[in-house]
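Structures given as structure tokens follow.
Shared between the two complexes below is subunit A, which pairs with subunit B and subunit C, respectively.
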Partner chain A sequence: MGRIALHNIRKAYGAVEVLKGIDLSINEGELVVFVGPSGCGKSTLLRMISGLDRPTGGTIEIDGQDVTRRSAADRGLAMVFQSYALYPHMTVWQNMAFGLQNTRMPKAEIAERIADAARLLEIEPLLDRRPGQLSGGQRQRVAIGRAIVRRPTAFLLDEPLSNLDAELRVSMRAELTALHSRLGATMIHVTHDQVEAMTMADRIVVLRAGRVEQVDTPLNLYNVPNNLFVAGFIGAPGMNLWPATPETKGSFLLEGGTKLELPHLDLAGPVTFGLRPQHLRLDENGPLTAKVTLVEALGAESVVHAELEGGVRLLAVLPGQPDLALRSQIRFAFDPAALHVFDAQGQRVKTG
Partner chain B sequence: MKPLASILGAVIAAPLGWIAGLAEAPLRLWQRLTGKGGMIAFFLLPNMAIFGVFVLFPLIINIVYSTTSGSALFLSDRDFVGLGQYERLLRCDDYTNTLTCQEDQFWTAVKNTAVFVVVQVGLLISIATATALILNREIMGRSFWRAMFFFPVLLSPVVVGLIWRWILDRNGALNAALVGVGLDPVNWLLERGWAFAATIGITIWAHLGFYALILLAGLQAIPRDLYEAAEMDGTPPGRVFWRITLPLLMPNLLVVIVLSLIRAVQVFDEAYVLTGGGPGTATLYLTQYIYEVGFASLLKNPGLASAASILMGGVLIVLTLVQLGLSNRNEKKGKQK
Partner chain C sequence: MTRAWAFLSRRRAGSNWDWTDIVTFVWLGAGLFIVFGPALWLVLSSLKSPAQLSEFPPTLMPYEARSVIVAGYENPLPLYKVTDDAGTRTLAEVRRVGTVAQMVDPADPGTIQKINIANRTPERDIGFSWSNYTDPFLKFDFLNYTKNSVFVTTMATLITLLTNSMAAFALSKYEFRGRGFVIVLIVATLMIPLSVILVPLYSIISGVGLINSLWGVILPTVATPTGVFLLRQYMLTIPYELLEAARMDHASEWQIYWRIVLPLTAPALAVLAIFSVVWRWNDFLWPLIVLSRQEVYTLQVGLNAYAGELNVQWHYLLAMTVMTMVPVVLVFIFLQRFITAGIAGSGLK
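Let's look at the complex of A and B:
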């Protein structure tokens, strides 16, 4: 229960194509996160799955059945909205009961389901209150509770944490993950926050401009990004991306003029090198010389902003609190194995 | 354009500045003498004066008039009769038959007005709600329809009455159309039932847009995702209306109900222009009765008219208090939210 498959989903509003053919399969019990910059189509895709909007092309299957033409109510899914969408004039109990009453469920069962969900979410003392009397975090729980009591085949969560303050977001993130493992139900979570995606997801779907850029586990996305977009989007602070051209075999000239000897690489044509800030280390004999422009000391680590030759930006995350003078020249080394290489089209180049 | 505008601006601004300059010295003096409280009184004064002359004074004079008799205009020429006028208005031998009342016209007007209020407000609210619901949908030419429904509100009541008299007159447009398609003409304004219905119909037509607009604003304030949440739950449309739309529309609906009630009790201008109260007394409403007794009939009786208007004012005050009470309760509920 809870397998969802999308085949070539397209959505156009007039001449504007928002989704440009999306194929995706989501396994039973999986927590999948749709992530991408705003306008990438992640919420639109979720609405297609929910049935609130219809795709202009393609099919949606739930547990092997084509539901593309089915109404939202007949898909057995529950949605948690960004605004929570709680009915302001009803109590928490009434909010949770409302959807169940539509199905003419016996009263005793409704009461039992609400009691179960309330216990699970620790909102029992709130059942007689109205949404207006609740804090943001409590409303969030009620919204999730309203979804839980329906016992859906899958949960759809549309940026459910974006209206919470930073601290609450972190704790709700952990709670949602715990809830997922307890319920074992399929969940699709939409967010623009890559940290949220990394910490919660079994698998992440990275979307850009209506296309899937990459689908993989969080660590695979981090370690083996398929293309420049994913490389730059996943990980904080973002990956260093340096355009370069090969000079002779194993020798590259970075934009700006820095020379880099990488004997293990034999590439023709322009490339882009990607290197995570965490993979740079201070080394007096290192190949990269840079001028320090800013040091953000966070205590356990320091984020160093620096400039390579020609003003090309370099970001390094160094452990501890290294003593670096502003505008001083320092040298960095890195493990060549940590270097990502992308071709002129921005696709990953296998380097062995 | 620009030089013209600036010249115009200067022409208008210069005398204003000059007048303001004239006012400055006495204002400063006043402020020095009375302090801040005095200034507040000074700025409130014009409005208070207008309110006093045109509202408060007539109200008091009206109460005084209602205790006097005769057709004389000046109070000094009128005789004090205490509550005599009220007694005359309210006395009936048999309250189930208005003809046995001393002022049977008053009672006819009261009865007509009561029926008018109940039917007109009931229909008006239902139609306005339905209209707002439709106009809130994504229908073709939505702005056009919104304008169409609001347009009659902009017309003067007399114009509304005249337009419909042309349409409903014995030789009017509607009968011409009926004859044109081979049907018999109807004497819309000379048959009691039709005339009464006509006053209800045209006041609804004339006021509908205003109330629909208030309701439309209320509908648009209901977040769309509430409806989407209901859709995900497979809520039938009827239940969505009764359990989500209606409760959330209630604050606006209350305003609309009370405003339209008050306005219905005061019905006069459109109906008077359309039917003049006729045929007979079929569309004689309270305001018209007061107007005719006080100003238009041969035997003017300002005292009786004043007493009737005070009674009507009492009804309106009760309705207003109900509205205030309900909206306060709503606000308290809103604060709980």
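Let's look at the complex of A and C:
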């Protein structure tokens, strides 16, 4: 159980339309990540699914039933809030029991469920403490525990890792993924961190300005981005995007003046070329000449910031620790098959 | 004790006196005198006998005349220190005629000495007139007044906390049309003093038959704009996500109010409780108007009975004023810790 389907969901606050018609179907047991820049409507969408907010249009189905008008409590979902929203005046145990007591569950079963969840999350020693006495990571676990004891059809997680420090975030990320595979429940995770999205998701939903830009597995998003936005958003460091115009067949002039010979491409009109920094390599006979402006040596790899002719920026990730002098001219080559091409509307152009 | 002294004598630069130390001590000392002086004066005066209260110049401590039982006299005789040509000695007064007192030496009860009253001063010990306190309770109706006051204060405070917090909850956590207007309206009633609405309020209370009933004192005062405003401002700081979490947890709106919002508003409730107790306990004008039968008098109205048109029984008035202060002081002592804890606690997430 735990199929969620959204049909043409719209939400407007006064004249401001935040969600502009979202269609999405989430399969049972899937871990779906909503990702997008701030203000893209991802949290709003999650709130629509949770029932805390009502959409202005469209329908929400859970397991084939229309729940659009149903209250939050009756949808059988559990939510983990960004601030955890633990009740500060209750102990951890009471926090987890509150939702169950409200449904008049027998005491023995409440105790059993809490014990199970506490064992799973390793928070047994904390059950008598109050949230104020817990560290950030422990609060996070309690918030998840409060969701688990409900045995919901789906978990909704609203940026649950954003309040943790970097190190803890990485370990909680792994734990959440492990938890998902153990529970086998549907999870919807909202984040603005694309690394989080890439590492955790079965499928990623990329949102921008209230619209779904692309829904796919992490690697497909990385390898075959549908449009310029997804191409630029997914992957770190970001993809190089160079606007270009075709001169003659198979020959293109990049903005700034660099010429590229790409005989396999036959395109008309202005295009944008996208190339991941990892796909560039040093080559004395390469087609791209650039001036080094900054080298970030990370040990295993180096991020090279450079400028093409006309000051167009280029980012390259080179393996190892190449010896590059600042302001020196270097040449890059790349595999033409790795090049992404987008048309004037920013949509992907199929090549080859 | 040594720690207390170390705390009180702390100085800015360790062992040296800085000018700021002197200013601080003088400032705080003056503040202590201004704030605490009258209260101390009241307490000390409340233990003085009526004769001593009318004495001029007044004394700080309550005294009572030292007396001695002298053989041959039925009642104890007051002692005086006499200083005249014959030297300084202690004598007991038998009777006084004009400016001359007939006195005896307790060691020699047979001989009457005639002493000019200008040459003697009374011998006195520190002594407390506890009867100032016991009489109003034993001989007058003060126990009953106290019961009435306690009832009015407790009920009014409980109802105030309940109704004000419900109003504050609605006004802080629900979005509805006209919310801002309602808040402004409630706060605007602060501009109307009781004396302006005294007459209409009286006709309402008399219309519903609550004259001479304690409920007539309680009910008109329970909805306080200050309380609603205070609680609302505090509730605004409770994150909305907590309410949403509760809503996901199957909590009804009443449960959200009762089990989530109310416990978290405890520090503000404590503040309002203190205010309410002080207001209701010290309330005078409204109870005076509503209550006209002795049996339903509250303490403040009862106190008024000591200030008659012709004479004021200061000793009872002072003693009962101290008694009326006690609950307010106790409330502050006990709830103060709660307030500081609440303020410190609200810094937590």
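Keep in mind that, in the parts below, the second predicted complex is superposed on the first by the 352 of 352 C-alpha atoms of A that agree within 3 Å, B and C clash if a C-alpha of one lies under 4 Å from a C-alpha of the other, contacts with A are read in each partner's own complex, and residues count from 1 in each chain.
The definition used in the following text is that a residue touches a chain if its C-beta (ideal position, glycine included) is under 8 Å from a C-beta of that chain, and two chains touch if they have at least 3 such contacts.
All of these numbers come straight from a predicted model, not from anything done at the bench.
Peer 1: Following superposition onto subunit A, is the placement of subunit B relative to subunit C best described as a clash or a fit?
Peer 2: Clash.
Peer 1: Contacts for A:H89 in the overlay, against subunit B (first) and subunit C (second): which applies, first, second, both or neither?
Peer 2: In the superposed model, A:H89 contacts both subunit B and subunit C.
Peer 1: Looking at A:G64, would you say it contacts subunit B, subunit C, both, or neither? Reply first, second, both or neither.
Peer 2: neither
Peer 1: Contacts for A:P263 in the overlay, against subunit B (first) and subunit C (second): which applies, first, second, both or neither?
Peer 2: It touches nothing on subunit B or subunit C.
Peer 1: Using the touch definition from the top, say if A:A72 reaches subunit B (first), subunit C (second), both or neither.
Peer 2: both
Peer 1: Considering only the touch criterion stated at the top, classify A:T103 as touching first (subunit B), second (subunit C), both, or neither.
Peer 2: A:T103: touches subunit B and subunit C.
Peer 1: So which bit of subunit C gets in the way of subunit B here: 1-9, 19-27 or 109-117?
Peer 2: Superposition on chain A puts subunit B right on top of 19-27.
Peer 1: Across the two complexes, find the residues of subunit A that touch subunit B and also touch subunit C.
Peer 2: In subunit A, residues 50, 52, 71-73, 77-79, 81-83, 85, 87-89, 98-99, 102-103, 131-132, 146, 150 are touched by subunit B and also by subunit C.
Peer 1: Which subunit A residues qualify as touching subunit C in the complex?
Peer 2: These residues of subunit A touch subunit C: 50, 52, 71-73, 77-79, 81-83, 85-89, 98-99, 102-103, 131-132, 146, 150.
Peer 1: Any idea which subunit C residues touch subunit A in the complex?
Peer 2: 239, 241-242, 244-252, 255, 259-260, 263-264, 266, 345, 348-349
Peer 1: If you look only at subunit A, which of its residues touch subunit B in the complex?
Peer 2: 50-52, 71-74, 77-79, 81-83, 85, 87-89, 98-99, 102-103, 130-133, 146, 150
Peer 1: Which residues of subunit B touch subunit A once you look at their complex with the stated criterion?
Peer 2: By the definition above, subunit B touches subunit A via 223, 225-226, 228-236, 239, 243-244, 247-248, 336-337.
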